[in-house]
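Next come two complexes, and both contain subunit A; in the first it sits with subunit B, in the second with subunit C.
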Partner chain A sequence: MKCLCCLLLAVAVSTVHARSESYSEELFVKPLATGFVYSFFQFTVVREGGSFSHSDLVPHSLGDIIDRFRVAELHIDLTSGLWRHKSWGYPAVDAPSGAEISARFHNDTQDVNKNWYGLTNALSGLLCTSLNFINSANSYESSADRFYRYSNLPRENVCTENLTPWKKLLPCDSTRGLSSLLNSGRVHNANYHSLGIHFRPLCNNTSKSSKYELRQTVSLVYDSVFISANNKNYDWSLRKMFGTGLFRTCPLADYSKIYIDTSANNSVPYVLSQNPDYFLKENIAVYNLNGIFHLSAVMPRPKVVVSDLKPILYTDRFITGFGQEYGGLVTRIYNEHRLPVIVTVIENIPWFLPIYYHTLRVTSNGVCVMPKALIYKPGKGRMQIYYLEIVLELPSHSITEISVQFDYVFLKWQEYPPDANHGFYIGSAIVKASIPRNSTSLTFDKSLIIDNLNSSDSSDSDYLIILKTENFIITLPTPDFSMPYNVICLACTVVALAFGPIHNITTKRLKLTTAKYVPGLASVVQKSYLWLENMVCYKNANKVGKATSVRVFTPEELSYHPTLGHVSEEFMKNQVACKES
Partner chain B sequence: MKYFVLISLFVFTIILKAFECQANHSNNWAVLVDTSRFWFNYRHVANVLSIYRSVKRLGIPDSQIILMVADDMACNPRNPSPATVFNNADQQLNVYGDDVEVDFRGYEVTVENFVRLLTGRLPPDTPRSKQLLTDEGSNILIYLTGHGGDGFLKFQDSEEVTSQELADALEQMWQKRRYHEIFFMIDTCQASSMYEKFYSPNILAMASSLVGEDSLSHHVDPAIGVYIIDRYTFYALKFLENVKLKSRISMKSFLGVCPKQDCISTVGVRTDLFHRDPAKVPITDFFGSVRPVELTFDFLDISHMPML
Partner chain C sequence: MEKLLFFVYSIGILIRIYLSFSDFSTLIADRVEVSTPLNSWKRVIEGVSLYNEKINPYDGDLFHETPLTLVFFSYLTSTISDFYVSLVFIICDVFTAIVLYYTSKIYTANLLKEQSKTKSVYNKEFNKLLIPNNFLIINPVYVFSVYMLNPYTVFSCIARTTTVFNNLFLALCLYAMVKRLRFLGCLSLVLASLPTFYTFGLIAPLMISCASTDSKKKTGSFIITLLTCVAISCSLLYLCYIIMNEWTFLDSVYGFILNVRDLKPNIGLFWYFFTEMFEHFRALFVCAFQLNASVLYVIPLSIRLRHDPLLLATSLLALTAVFKSYPSIGDVGFYLSLLPIHRHLFYFMQQAFIVSCFFVGCTIFAPTVWHLWIYSRSANANFYFGVTLAFATTQIFLITDLLFAYIKREFALKHGMKRMINGREARLMLD
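Right, the complex of A and B next:
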């Protein structure tokens, strides 16, 4: 009872005094190479205080799930399209196509797997996704952290049904503020779109109470040629991209800001319709939002847009081989940096693609390389993925290739999806590396974009980036599912064809009897002709006499003829006589 | 004394009869299922979203609508206008809308999940949005669409639910007191074969075609390149678009929604399990959520509520 009182008191205290939440909305727009425009929305709630039993801005539906399953950190990304690192640089949040989820649970969690499956099920209901398909056969725990789980579902599609519940988690829903720009028709028409929910604890040295950050992000890439009215220029505007202007800001937000990265302006100048409130670090235009806002950018002709930001590290992934028996998987990592870079590559290959560990080869510019560290956990049919973690040092200006051979396997009949001939999606590999800060996109050391842009420790320290490779699709040997039907039809035909003669042979005996004459049409005609002839010619002097009596022989009277069987003795004698003569 | 008891019994039964004609359900649920995958079955997704749109417009909240859609048509790469599903070639009515919650999608739409949903035999981790949390006061609208035959409905071209299985699932629901009344609608070929085996009480059933008949699609949208809706649902949606929350349209007029010259197939109706006269049942008993509200003019003191 005492304990309960203490607990109640603790809860009451925590709910009363340590509850401060702040909310801010930010939009970062960056014109990319070849006429693409990247816009990154971030809606951030920072919260001090422990449990989510009461909150003003953190959505209850999500807070309850985080509390219930003892989640310390959570990242969900629902993505459609492929981020093209080579021409677009780095995104703010790198997410592979499909659904990706990772979570870290509190250190005192008893059964991490139980909480993990509970969490994914709950989130599948919250976000209308198929995250409930996550099980031990498609998720893994980190080699370093027992409380970390990761899974991706590359087949998952993203549509309004995911955007709707995502928007409902925002304090202002989609009625006011930057989220009013997110119309489903426009979001899902983008070349690349990614919805994200990122929850993490923040390091807090000042006070003892815990501090959390919930960021909801949207990444959109539009082709400005495609969205422009006449498809001829690279002009873009908020209205062209999102179909609507910005009319009201969210009153709950402490900050509502738009940033335009004008660093591409040096190579290809463009004109913004509004002067920014101020410039940050000379090339980030900042707009404080209050009330109606509209922004457009006009690019003078001729329009030649070149990429000035080539990423120093990017990847490529493909399958090799032909036929449906053996194949190979190749992951390439390009290092364009002038210094060697240490990367960690994590491959998670599903159980139905069994890899051969002895065929693992790592080459860099054609020379075999010894990995600095290697962790391999073999997969198990229907239970566990093939987990491969390799730490490598990439030489400067190099192409490093990791290749491994695998088998295509047959699945059980019931394991094939309804559209098995479409192929099976294999999720992306993960590449982690520390690269210099000045060659990354946005960083996330702090909660808000503006604080990160402002931070002074740029360019000299390294920043950990996480790259996701392409997904790929394989065609497993898929049986013809109508085959059982065909087999039944064929087997029945064969049986029927065999049954008739065999039945006849075994149940009937051939026996010579006097033939019963069945008149055919020709003989009827012939007979009637003869009869008519007889009638007409009056030649029937010998009228047909009385029927000759047919003699019926008893078996004893019959004798055996080698070809004709049982015949009468008289017939036999005649035969013998004929032969002799 | 004896006579008094008899008379009072008689009066009581008459009162009971009179009450039967009124709605006495407490909540409304809808289970809307599209069982077809692949782009050329766009029309089945348009069908199910048409009914979804109507029940949502008439007040059933998303938390009480279980929507099962077997394929993603709205954001399909073949869809020329992403995030839309239209019911008509003139593209006036986007039945997908901007606010849609699909509870079961893609590979989740299986016979097992459907029967488990109806009967409530679900794994413990199942989220609330994937549960049919009905009780004995619930009126349920069940709408199925897809490809079917005499006595079965195909799920995603790989499995099928038979009419007997469906009838048994509904009987299990009845025994578990999971419904008050059910309105069962099905738009598929030989649709009426699916309700022939029903034997549980309080079910009103309607099918787009009789046994031996095909259900036909309405028209092609050349911009999308496929048939975009089926005849029966097209006319049902046309009817439902005119229904308002307070309109007094009866179920009987809805049962005659698609005459033979419109549908080409014959719409089948089964009323023998249903104990009310469809002419006296308002359509909002199944398609809407009309809650009786009691007004009070007394003051309530909420200042002494227990603290959590």
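Right, the complex of A and C next:
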């Protein structure tokens, strides 16, 4: 009976909790300007209540980590490929190639670094990534917030082993709902793919209880020419992109919707195989999912599609110089807006690329500009990155260039990665800016995609965009990895070349001798024999009690002196002369 | 002779001025043989600009000069323009040459004085071993010319390395040795060795040369010199602390020198050795190499060369220039210009030809293989390492040859030049 009561109670508690969590699945598809198709999956759990000890929809494995390490906000992106802002516009989630993680901890956290390394280690196990390689040499804390940590691993290779554990965090796993579209074979075939986990608190002024949002996102960009059957047109369909259609929706989801952005229809129309349930803002087709579903789009005449709204801000980044001695790093920011824009640029440069602060130049259309604010923290070898944060006002219609000189560093031979001549990946810089909402077609700062699409405050308020620049590779000069023994031997030989003669000069004296050179051990034996002989002779002389008198040399026997050894005749003559006088 | 001196003087200055204001100056300053992490002007500027922005330059990895240098250059660059900064370097270099000129002059005069005292002891046969009187005039000119015209010192000056100031202090220290000025010697020695550490070994020749002739007071004099040096360095270090308000600069300066944190190639032996070192042996070999470079030879050589402190100083300077962790050709140029002071030993030197050929060869080969390795990527690190090995070996040959020449001359003065025993050919041997 007791047991039954407990069970009932547990069920009751869980139902209470279930009510505080809501789950929705959404897919947003947008044909991009140059024949690419962008599809953005978002699986959102919104939850009220602080602790994650009981939850129905939020994965326990992640909830425990968030609780244990006192995480207030967490963003993880695992990306492969490069998002081209200039032709594709802004993505829903901007992520640089490789792994990127940032976290904000609760304000009462004692040792933030300890929690940060604990968090990254736990997540590396959870997602099968190499986040455990994060240490003080590749992460930084924000200049404004000491509870914030950021790191990126540009070399991280994102693959199936990350997708599978990522899918396991979803309430319906990959068996039902939109997540059944995510087949690893197709996902990793994409030109650009990015997995994300985004956990953040939501502001709600009405209720006192805290509200959290956990979004799992996937961004995929397919080349529609590449996936189309005859490689000639821009046709695309769910099956072509993901290898399967949709069969069953996830029963746990409150929302299950697909949105198609048809705004490009004005220039080049395409025909959707199904009529949407309704249109949102006239050009977004919305499909409610409830059962088997398939969708394809046919473009009658393939053409270069003209982008409807060019991004007002995009970046470029490259290295200058040649050789492996001195180089320069240039970050370019293009402002196409008719008004000046204020941006914050954060460069995090690893310690093996030491930058010279005094060579920092910021020019806008060729004219030097003063940054509005500048924070620079010099790096330290194997310990700390070079952190540079610049706040700039970009003039309207301008190209702003931030350039800085750096040295190529010579590392120890064991610090080079395997295949050392492939080079080192340098992570992206971050450009943050607030732009007017009406200057970008889509905004993605609300919990659900539908709220974002529906948002009415289009004119005045600012929309924060975060751009991640390209990664780049530099090849540091390498030593010869097969040489350690040789180098140690040769260098020590040179040291010995100095030590030997100086040892001889300082401990021995010059003698003239006719004796033949006796090598090695034999000379030691010979010397000790002579020494013994001398000892015996000396003792004998004492025993007999001979008077020790000064011996005067005759010129005939002068060539040997008992203490000086063989000496010249002239010297002896002098000696004799001295004695005689 | 004065005309010659003036000629050398003007040529030296003209070369320096011409190269400083031509495009070659950055090319030379970027050479690894000239600028090391410890003395490069680029890093000084970096440190100064960070300091002016109120960022502690010792937090970073680029600046390794002492706070005194930092404040000095901060003042220098803020008050005068770039043109005059170059001039300051040139003037310091010329001043070093002049100090060395007088050092040589006084030293040779001392030698001659001593010789005239002991002359009566020597046989007439040794006349050709005696130092002729014209050395008094010619040697200083040689020293001056070598310093003014040696490409090593010229490049070092044009690249605006801090070695220029270091050399100036070292020259003052040598001058104080021959003039027996204890305080000047200690002060300049400390100023020279605070940023570079290794030259502290020169305290031995300084102690010997400043000691009084009375053997009873000798120990006391040694201790006074030592204490003066220690007191000055402690007070200067404390001054550094006052400037920076923290002790982190100690690790950034001395920790950097001793732990060999920057493995950028230079003309020394450390860079490739510690690039290729197995991590668990690193501490052992760092200790061994640093001992070898700093204190190993100081005591034995001081005992052996106690009668000739300047030769002792020269050989210690040369040994540290070979074995220190970040050597540059400025250091090499400095001790090379000291060699003509010991011209009376040249008669006994045997390897001058080989050594000079190797010097020329290495000087040409080093930039060539560097270009092949770093820019055209057709060679690898071993090529450059080979050249630095050859360069170090050459310098070692030069030093040991000089030391051998000294003891051979000593022997010859005592025993004559003929190497015959009972009419049979004999050979000189160390035993």
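Here, the second predicted complex is superposed on the first by the 458 of 581 C-alpha atoms of A that agree within 3 Å, B and C clash if a C-alpha of one lies under 4 Å from a C-alpha of the other, contacts with A are read in each partner's own complex, and residues count from 1 in each chain.
As a working rule, a contact is a pair of C-beta atoms (placed from the backbone, for glycine too) under 8 Å apart; a residue touches a chain by one contact, two chains touch by 3 or more.
None of these values were measured; they are calculated from a predicted model.
> On the A-aligned overlay, A:T363 touches which partner chain: subunit B = first, subunit C = second, or both, or neither?
Once the two structures are laid over each other on A, A:T363 reaches no partner at all.
> Please indicate which partner A:F410 is in contact with in the superposed arrangement: first for subunit B, second for subunit C, both, or neither.
second
> A:S434 contacts which: subunit B (first), subunit C (second), both, neither?
neither
> Is A:V487 touching anything from subunit B or subunit C once the two structures are fitted on A? First, second, both or neither.
second
> Counting residues of subunit A in contact, which comes out ahead: subunit B or subunit C?
Result: the larger residue contact count on subunit A belongs to C.
> In the superposed arrangement, does A:S136 touch subunit B (first), subunit C (second), both or neither?
Once the two structures are laid over each other on A, A:S136 reaches no partner at all.
> Quick check on the superposed pair: does A:V187 touch subunit B, subunit C, both, or neither? Answer first, second, both or neither.
After superposition on chain A, A:V187 lies in contact with subunit B alone.
> Could you please specify the touching residues of subunit B with respect to subunit A in the complex?
Interface residues on the subunit B side: 37-38, 72, 74-75, 81-84, 96-103, 105-108, 125-130, 156-158, 307-308.
> Spell out the residues on subunit A that touch subunit C in their complex, using ranges where they run on.
So the residues of subunit A touching subunit C come out as 322-326, 351, 354, 356-358, 376-381, 386, 407, 409-414, 477-480, 483-484, 487-488, 490-491, 494-495, 497-499, 501-514, 559-560, 564-571, 574.
> Which residues of subunit A touch subunit B in the complex?
Subunit A residues touching subunit B: 12, 53, 80, 117-118, 121-122, 124-126, 128, 130, 132-133, 155, 157-161, 164-165, 183-185, 187-189, 417-419, 481.
> Across the complex, what residues on subunit C touch subunit A?
Against subunit A, subunit C makes touches at 30, 32, 42, 45-46, 48-50, 53, 55, 57, 59-62, 123, 125, 261-265, 269, 271-279, 285, 289, 292, 296-297, 300-301, 303-304, 319, 322-323, 373-375, 377, 380-382, 385, 389, 392-393, 396, 399-400, 403-404, 407-408, 410-411, 414-416, 418-422, 424-431.
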